[in-house]
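Below, each structure is written out as structure tokens.
Next come two complexes, and both contain chain A; in the first it sits with chain B, in the second with chain C.
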Partner chain A sequence: MNRPATLLDDVLTLNDDDEPTQKGRLILVEDCVETSGAFVLHHLIKRFLSSSDNIVLFVAFSHPFSHYDRILRKMGCNLAAQRENKRLLFFDMLMLECPDDGVEGGLIALYGNIYKAVEVNSSNKNVTIMIDDISLLEVAANGSTKDVLNFMHYCHTLTTQFGCTIITVLHEDIYSSGDEFTFPLQMEYLADITIKTEPLITGLAADVHGQLTILDKGTIGRSGSMKGKIHNFRYKIKENNVDYFYPGSRA
Partner chain B sequence: NSTVAIITRSLHSLCSILGELKFRPKLNISTSMVLKYYSMVEIGDQKYTLLGDKLWLLLKFERVVSHGKFRLPPRLRSPDLKILGGGFHLGSLVMIMEDTEAPHHMLLLRTFMSQGLVHNQPVLYASPSKNPRAFLGTLPATLVSKDVKSIKSEAEQKDLRIAWQYKKYLEENKPPIDERDGKVEYCNDFDLRKPIEKHLIAGNRVECVSLLDCSSLAGIRDSCSKFLSQLPRYDGNITNAGRIAIQSFCAPQCEYYDKEWDMLSFIRSIKSKVRSSNAVAFLTFPASLLSTSVSKRWQHLADTLLSVKAIPDEDKELATLLTGYQDMLGLLSIHKAARFNTQVPVILDATTYSMKLQKRRSLVLECLNQAPVDGSGGSSGGCSSSSNTGALDF
Partner chain C sequence: MADAVCRVLRDGALEGEHATSLTINDSVSSPFGPTVFDYLFTQLSSFISSSKSQSRGIVLVTFSRSPSFTAELLKNRGFDITKSHEWLRVLDCYTDPLGWKERLRDRGVIKAPVTEASVNVSVCKDVRNLDDLFSQILALGKGLVGDGKNRFSVAIDSLTEMIRHTSLSSVACLLSNLRSYAQVSSIFWLLHSDLHDMKAIAAFEYMSSMVANVKPLTSENTDKFYLLEQSYKRGQFHASLKRRNGRVRIMREEFSIENSLIKFTSMETGANAVAQSLVPKVQFNLQLSDKERSDRAKVVLPFEHQETEKSVQIYDGRKSDLHEINGVPFDNLKKNEDSGRGEIIYFRDSDDEMPDSDEDPDDDLDI
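Entry: the complex of A and B
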């Protein structure tokens, strides 16, 4: 990559070419009503599509294709063209609703489609699967969290079998109470990297839109040790890119 | 008798500053509760409020002082929420969290529906009552031009007496759509004391659905689907826009009230359908009747999210702090403003407005809190609506 990397890219160690084990990671983006994590997803779509070795499989529950197309266009990435070149596979799941007794079947069918697409494409390319977002997948599955978790576990197997990267968005503030909290905990357990967006403690501001906390569980390094890291910095979202900076480092 | 503002970046340093101040006999610091809707922190018996990225100590004086002044900007003319940047986006889902103690969301709902009827836009109305059609009689009529003029400056009238009188006769015959710079103006003032013209609600101009009839939400879903299928999205054809108004969607008297996932599915499906059609959906719901988790899911689904809160009567402390307190009905807060085709969030200059009735008949929204101060400068007192190049004026 010849572009200057942003703070986010550095942290996600996607630039690191020495580590062949970069394949097969699960990235979880957690957000809340005040700060949407969608911009992280847009950044990653552009990042993965900019390398010709990558294919992106996008499973959309939240917005139609035109929405992402227009946003990414402003960032300099033409999704429509990528879709035509078969570098982007877009599964529009906005209207997916599994009937009460057919939730498992519906999710199995979805997994089947994803599996086929990955199998066909992964012989010579790296496949990245993006799911936007799992909280809506729960709604489509009529509230059956158990089935959604099973689905995610199955998708996780693709990271080892085919070396896919999986990226998904979860609305963390939905689950703050009681038993429901197991769902984000399970997802965080599965994830290799968790990216969390939050507002500043003092509320919304015009020049800082929020803060990002990135937990990277780390991979087994050459010496055999795990290198886990936590990063925290702030961001401001613009039309064509996002500024990332450490608190106090902005003029 | 001087006013002091203390701005710090952390509670820790604030506490240490206060610790010192308490021991200075010359400074007389007393605190009082300011505006309840701000997030507030109590340390000991002192109260602090958080605004933007600065922390304010609440001291008892007439204005909250920063490095500027707390000014009330000029009153906004129309309750059509131009403050959101030009109106509601076509294709958006607007949700309003009700206050179970007060019906102020109805004012917004009525204005929304009347606006549509006045401009010949199809309206679908659903409510948890046996006879939703009866509600139509309570919709307000537009404020007639001559009344609007009388609210404006008196000086104008005196100088242009004869000309104004002449104008008066001409304007009464004009249709309610004003033209400004060639653009059709879709925002009107409404007179809440006058019911809407009968011919606008006659016959089947407004489709009414009772939510009490729907045990499984299938009925309302079908009605909405049919309604929206007549309004497909062709770029820029605003005159054919439609409005869906759903009142108190999760009211306990509805049979589907305990079916959380069904309600969520409905909201999700209506959001996608509205997205691809020339319509706006307006849905009010008593958020406190839902569990926190379900309420958060609804809030995530909304494109634009507002909430209304009642203002307690006879609150002496509030009366000293807010000018025009006696006229205030309630507070309107904007939690989320729709932004389509862009990832940049909307940071509004102000997120809380007071709802007032002016001359007992027109709804006026006034800005209350101070604009978030950005690093470069002083306070930006005024409340200008952010220009939103993507928005369609509605």
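Entry: the complex of A and C
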């Protein structure tokens, strides 16, 4: 299916044919209250489901299936049909609550389920794991940041073992006090690509809803080169899609 | 210079001395700690594999990279992977650090891994037990170089991860034990300085004979996008080396990432670039060209600033003074004898005149 690639797609060279070793990245979407990063997640769901080589494993902590179905339907993607075809595996974790002493056990079980699903599917397809969102995962783990970081580390091993892509959302502004400020930093160190949504320095605007900064640490590609890149552009969220543009390029 | 640091690691420690140790500190604003670590690791490995160093082998403890990444890295740098078992052992603390996969396998949830066990790589399944980790490192090292006088080096790719699983004091204890082990020649490790408090960073710096800091190019706030972009391609490398005689040598270098390689350049060019960025950007040229600089040096300054050896000679109108200066009689130049004291001699025009009289002196003009 040929879609005109948006600026975001151009920048996120995830399944680039030139660099097959680029598979297996951990992408962190950092957002805040003023600029929600949910649209990035929706865009990526649609993008990954549009290719028949991909399977999406969605671990949902914040919204039920119907929410995503409604939004993606407006964007022209039928999630219910994809779920029927087993192209979308939806893990509804809204009711997950680990017992106080069994947090690690609960997360191990979740990891086990994810691993099993990836193992079964990765022989002939690319698996993408999406976790929405990691801040709520922390709540489900009774606030145990340590166990959540261990869980994310194990998810990272899936990228090297099976070449799958992992996308997770983190709300950066809820961590600004005391010791817990290190959690976003820990995730930034772990992630290969960080996508930050921030409001404009100049404040609210009708035509621009915010700015996206994409920090790509780069990996060792086939030629041995490590291409770290940074991109920054603006976006405007419309009814059915999102416009991405460089500052000053819109009339 | 980074190469100087490599040479110190290569030369190792003398008999009876603690092993040479290096801390590499980075932060999220200049996240090139892993790149610098890889550079030092490959440099030291090349010395070791060609038998040009004190140590005969190296044990790499990986927390944040998979063993396949290390193999890929060595291959890209031109090493012969098939011979790497002669000088390299990897203690893999990345794949299953807490034994979760083993537990899941025991429960039958997941199958056994497909990856073939490599002779170089041992998997650590419990990084929380540092005593065990210590024994494993020593066992791997002795497996490489044997018992006896031969020595090996140790590299830990993320001390931050190790501290996260255990505690500052136990990690410090492990490093201290490694340093004092006779067969360890040199150790180096990477620390993410913004994830630890000052106490932890200071503790490891005290234990190190060398400290390397990876910093962004300018310490200004990186809100501006172009500065952020620069900091993703270049940075500063500050190293301090403690010598045996107690002196500390401090070095600064700039580095830039080109392709896969990190290139270190001297700091002077860098300093100029920073200084020039402080000059305000206006439309006229505020810099001096070389010709202009040399012309400026040739300008003859007025009397008072000539700074010649002769004392300042000012003609004050007294013809009677005729002194010899430098053995040559001078008529026109008079020496000012009163150069040390000031004196005003006033000859009044007329003694009749009252000072400050109210008379208008122009009154006797007859025009």
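Operating definition for what follows: the second predicted complex is superposed on the first by the 244 of 251 C-alpha atoms of A that agree within 3 Å, B and C clash if a C-alpha of one lies under 4 Å from a C-alpha of the other, contacts with A are read in each partner's own complex, and residues count from 1 in each chain.
By definition in this document, contacts are C-beta pairs under 8 Å (C-beta built on N, C-alpha and C of every residue); 3 or more make two chains touch, one makes a residue touch a chain.
From a predicted model like this one, the values you see are computed outputs, not experimental measurements.
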- Message: Based on the shared chain A superposition, would you classify chain B and chain C as clashing or fitting together?
- Response: fit
- Item | Touching partner for A:Val139 - first (chain B), second (chain C), both, neither | first
- Message: By the touch definition at the top of the document, which applies to A:Phe233: first (chain B), second (chain C), both, or neither?
- Response: neither
- Message: After the superposition on A, what does A:Phe91 contact: first (chain B), second (chain C), both or neither?
- Response: neither
- Item | Contacts of A:Phe65 with chain B and chain C, given as first, second, both or neither | neither
- In this superposed model, does chain C or chain B come into contact with more residues of chain A? B
- Using the touch definition from the top, say if A:Phe245 reaches chain B (first), chain C (second), both or neither. neither
- Query: Once you lay one complex on the other using chain A, what is the shortest C-alpha distance from chain B to chain C, in Å?
  - Reply: 12
- Interface residues of chain A shared by chain B and chain C, listed 201
- Touch list for chain C against partner chain A, complex: 28, 31, 35, 66, 68-69, 72-73, 76, 94-98, 100-101, 103-104, 107, 109-111, 113, 115, 160, 164, 192, 194-195, 223, 225, 228-229, 232-233, 257, 259-260
- Note on the structure: The answer for chain A against chain B in the complex is residues 33-36, 38-39, 42, 64, 66-67, 70-71, 74, 94-95, 97, 135-136, 139-140, 142-143, 171, 173-177, 180, 200-209, 237-239, 250
- Message: Give the list of chain A residues in touch with chain C in this complex.
- Response: 108, 111-112, 115-116, 119, 146, 149-150, 153-154, 157, 160-161, 182, 185-186, 188-189, 201, 213, 215, 217, 220, 223-226, 228-230, 232
- As the complex stands, chain B meets chain A at residues 39, 50-55, 260-261, 264-265, 268-269, 272, 275-276, 291-293, 296-297, 299-300, 305, 335-336, 340-345, 347, 351, 372, 374-375
